[in-house]
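Right after this note come the structures.
Two complexes follow with subunit A in common, the first pairing it with subunit B and the second with subunit C.
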Partner chain A sequence: MMDSTVHRSREVNGDTLARIAQKRRKGPPPKRGYPWGKVSHYVYCALSYIFLLSPMIVVIGASFHGGEYYTAIKFPPEDPSLQWYTKIPTAQFKALALSFGLATLAALGACIIGIPAALGIVRGKLPGRSVISSVFRAPLQIPAIVTGIAFLQLYYLFGDATGLYFQGTFIGLYIGHLFVATPYVVGTVTAILQRFDVRLEEAAFSLGANRWRTFRRVTLPVIMPGVYAGALYSFMVSFADVPISIFLTAPGFVTYPVELFYGMENDFDPSILASSSLVIFFCLLVLLGMQKLVGLDNLLRSGSR
Partner chain B sequence: MSRVLLKGVRKSFGDFVALHQLDLEIQEGEFLTLLGPSGCGKTTTLRLIAGFIEPMEGKILLGDEDVTQVAPQHREIGMVFQDYALFPHMTIAENIGFGLKERRYPKQDINDRVEELLDLIRLPEVHDRYPAEVSGGQQQRIAVARAVAYPPKVLLMDEPLGALDLKLRETMQIELRRIQQELAITTVYVTHDQTEAMNMSDRIVVMNSGRIEQMGGAEDIYNEPRTRFVADFVGQINLFDANSYEPETGMIKLDGLDQTVHVPVNLAGGGESLSLGVRPEDIGLANSVESSSGMNHLAGVVSGRTFAGNLTRLFVDVGLQKPVILEAKSQSVKSNVGDKVTLTWPVELSKLLSD
Partner chain C sequence: MKTRWEYVLLPSFLIVGLLIVASQYVFLKGSFFKDLGLGRISDTASMVNYLRFFTDSFYLHTLWVTVKTSGLAALFTLTLGFPVAYLIARMQSKWSMILLAGIVVATFVTIVIKVFGLIIIFSADGLVNQALMGLGIVDTPYTIIGNQTGVVVGLMHFTLGFGVLLLYSVIQTIPRSLEDAAQIHGASRWRMHLRVLFPLSLPGVTVGVLMIFNMCMGAFTSAALLGGGRVFTLPVLIQRTVMMEIKYSMAGTLAAVLLVTVLLINLLSIYLIRRLRSARLVIA
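Up next, the complex of A and B:
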């Protein structure tokens, strides 16, 4: 019995080998042909870039329109000039300043809440850890417009109860933005903490550093790339937000995207394109600066071990 | 510099008992190695001394001080990790100076000490580089320098050479031993590599499933293993299941073979489960079966032969499941596969082992 099974399995193996041998390539190996693979790779990349960049190109291009007043985007621009750049209304600059300050503070606040939260989620031994981590993700899953309405309702309720109305105030707007910005920091810092080598902290302890000093001098610098990434996302989310801000702003107290939104809705003119182009250039500069300052350098160093 | 004392230390993780009632004393300036397979409790012991984990029972003393309840940052220990755990965002100098800076020494003192240590580890030019920019062996030495910058009461090393290749490991063994002796620092070293343990240690503690199997100098452990585990873990050995040791005559019977052999008389131990151990290098080939006193004999057939440069191994089938391995200088081994041979070894090199 034993013998026969052993025997049969050998036969099967022989068959497989014969079949493999049969299908073996015959003749010399094929020569390299025209590199279609490479060509299609480049075409694919080029199309992706065009898809991603074309809206910006159109906006920037159309902002240089120099012709007469018109109510639709003209691309390519006719008779290029900078006239619309001189006609940006001051309300837009005011709104830009508000948005910039708001986004900076939102990113800062998101770090102050998000870093400890991520530490707790990754390191903590609380029984409801997975629940807590999904609570911190929740703001990303709620449509922003719902969040906006919810905050407005909340502020009415709170105001009716206490007499303090937050809608249309900076604090009210800030809390709403913090709500959607924090999950980004929690997410990026959680991700980097999961790869963090706990022995770095043990090494610091063994060298006489207490918990706070260890966090300050070892943990925080190593997770810094995650913090920067999260802060950048939070900034962007806050800076670009319309659906929440539209409920929480008030006349004369308007964020930049909401201001643009009203502008587009009421009386469109290319000065909106001009100010948008300025913001695009500014963002590019900031991104390049960050990349130079902290991005590459930091990521490389903390990644290698 | 100070001695370390562990008294009745017990530690378990959930249902897994990592250490049963461990008692261990490490002398001042001693290089002690905890040797054992993974899961034997050696790393747990080290982490208990460091204070990263707390014992469920027992006491840990550094010098005369009971540190059982003291946090690691107040224990004044130095720790070297397997993958070094150098701070990636700090330069080599900042890494080495970390402990001194934490203890608020003036900058000038820190700089001087860092220079001194870079000289000690023979890497004076790496100062301003980052850990990722130096080689594994260099990171290793930097980790040691960092651990001893503020002279610790005890230096703890957790498989520090595990990530290096064989050649470098051998150089580093000598290097670590040199640094340890130059600083005369009490050291506890954890490894699963018996060669490493034997090359470096003053004393070796062989551990197995949370208990100490045997301690002693490298030669004691190798030449006089007390248990089957120690004999098998430290060096190569042929093990025979055996029974009925007679202390007066030194005779024991081998299981599965119709033959008795001799071990030294009046050994302690005995009991039911016994093993006979013989090192491959202690076995020779006899010309005839004539019994000379003081020698054991065992007949068999050569079933395999491997060449390892200076040494050649013969695998001899004596009628047991596992072949007996014999090791000799290559030029002296004439037998080939299929030859009938008689194995012979001195009675005093036969090791009686308990389980």
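Up next, the complex of A and C:
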């Protein structure tokens, strides 16, 4: 990987290199044809965006449709109303609450496990550093559905041995989510730590701060963007998960995506549209908060693995 | 200041390591025992489940469909995603924030909601069919439910946002000054892309595409909902084997085959890319 500070030096006295090159040429700038390459690039990207965003826009749009039950799904919506928003059954709210609590705790747990792991990977004198860091990355390499069934069988075996059955309980679900959430925090914090200037800590230490104070006042603030990024990723991964949760939930105890999944397979209730729209708005809101807190580009830069 | 950071790592390593070893060991071991029905398994280990997998054309076909749809989805995600990632990474206006926000929202909203939207778009009187039939391209409504096209489209929606974010971070590590230098020295836009951007981004792009491929191989939701009970991929089959047939060992076998296939394809691709690079075919 190249040093990320290199490409910030491309501006010299406010001039881009391309402009400098142009100034040095004698005479007027060379004539160029219509930039078809650029235009086709923009058009292509616009089509990608339409492809990517259309399902969500359609869901939000259709949620405002005011028709009767069996003609209730229509886009563009006619006779706009909020009727489906008032008809969201409590089961969906219960599922949403479970998903939210689970994702929050998963993000928290991922930080508690992930931050020390990243510190150890970058700074520890480790034999086989690459092996250890690939162990922490492994949960991302294991197909999600395999993780789901693996934990289900682990819980059965553990239950048979101890009488303590974890499947269909919050703890069981939580361990599964924590397993896939942790690698994100490890990844983002590792990325930031690798660029960390150790002299900052040495300065704090030589000025009389103890280890804990140095960590609290110097190290932590610097790695915070990575922590936020990792926490956001792990929250969202947990909040959106189906393949792991579907094995570890039980009737009456389901996360929101699983509730939706069963809803779409069985009895199709248009109120799903309304609650889905609420979730999309919620994701937008979380994002806005993150943009205010650390800035989206900082968030993603530290997310580069 | 001497902090022994390796000890700081130890508790986390034990937790993660224990969870990996325990969970993988249990289902891999279970896959060697025969199902006796109703969730009970036999006492003696045998290869019977694996024999069944590799002699039954249905299972082999399922494996092929899984690899094919995942591979196609990963390639399409790359072709749709790379230009977008490049656009955002090289953009210098406020707009890049808004474009990024669109990608991030698309990444984080659960795939179930997106599949829901897809079903509405492609329904018999949905937008796509209204357009297609209005233009006289098709007579009968076109559907993506229950065929492999639908599964690939669903997988793409599962991975595209994440793919753009991955590629974005890859492109950001390539100094823009190199592109400027190529163009100042007279390289055309295409030539610059081919000779500078492509070789420099190749290692990162390979890793990114493999990650997307892995995500698709483990993806269950889009294949289950858009496959409509007609297209089976291994993840769908694993869930059915557990939930409907209650055959844990066979499901374990399917999961083991899936896991090994993913690992093999990853190793093979990395090996091929290394060979390619050492043969100087790529970095000219």
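Just so we're on the same page, the second predicted complex is superposed on the first by the 258 of 305 C-alpha atoms of A that agree within 3 Å, B and C clash if a C-alpha of one lies under 4 Å from a C-alpha of the other, contacts with A are read in each partner's own complex, and residues count from 1 in each chain.
Operating definition for what follows: a residue touches a chain if its C-beta (ideal position, glycine included) is under 8 Å from a C-beta of that chain, and two chains touch if they have at least 3 such contacts.
Here the structure is a predicted model, which means the values were calculated and not measured.
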So in the superposed three-chain picture, is A:Phe179 touching just subunit B, just subunit C, both, or none of them (first/second/both/neither)? second
After the superposition on A, what does A:Phe136 contact: first (subunit B), second (subunit C), both or neither? second
For A:Glu202, using the defined touch cut-off, is the partner it touches subunit B, subunit C, both, or neither? Pick first, second, both or neither. both
Specify the partner with more touching residues on subunit A, choosing between subunit B and subunit C. C
Partner chain in contact with A:Val218 - subunit B first, subunit C second, else both or neither: first
Classify the contacts of A:Ile113 with the two partner chains as first (subunit B alone), second (subunit C alone), both, or neither. second
Between subunit B and subunit C, which residues of subunit A are contacted by each of them? 202, 205, 300-301, 304-305
Would you mind writing out the residues of subunit B in touch with subunit A in their complex? 50-52, 71-79, 81, 83, 85-89, 98-99, 102-103, 130-132, 146-147, 150, 156
Note: in the complex, subunit A contacts subunit C through residues 1-2, 4, 6-7, 9-10, 16-18, 21, 37, 41-42, 44-45, 48-49, 51-59, 62, 73, 75, 113-114, 116-117, 119-126, 132, 135-136, 138-147, 149-154, 156-157, 175, 179, 182, 201-202, 205, 211, 214, 236, 239-243, 246-247, 256-257, 260-261, 264-265, 272-273, 276, 279-280, 283-284, 286-287, 291, 296-297, 300-301, 303-305
Touching residues on subunit A, where the partner in the complex is subunit B: 197, 199-200, 202-210, 213, 217-218, 221-222, 224, 298, 300-302, 304-305
Residues of subunit C touching subunit A in their complex? 1, 3-13, 15-17, 19-20, 22-24, 26-27, 30, 80-81, 83-84, 87, 96-97, 99-121, 123, 126-127, 156-157, 160-161, 165, 168-170, 172-177, 180-181, 183-184, 189-190, 211, 214-215, 217-221, 224-225, 234-235, 238-239, 242, 248, 251-252, 255, 258-259, 262-263, 266
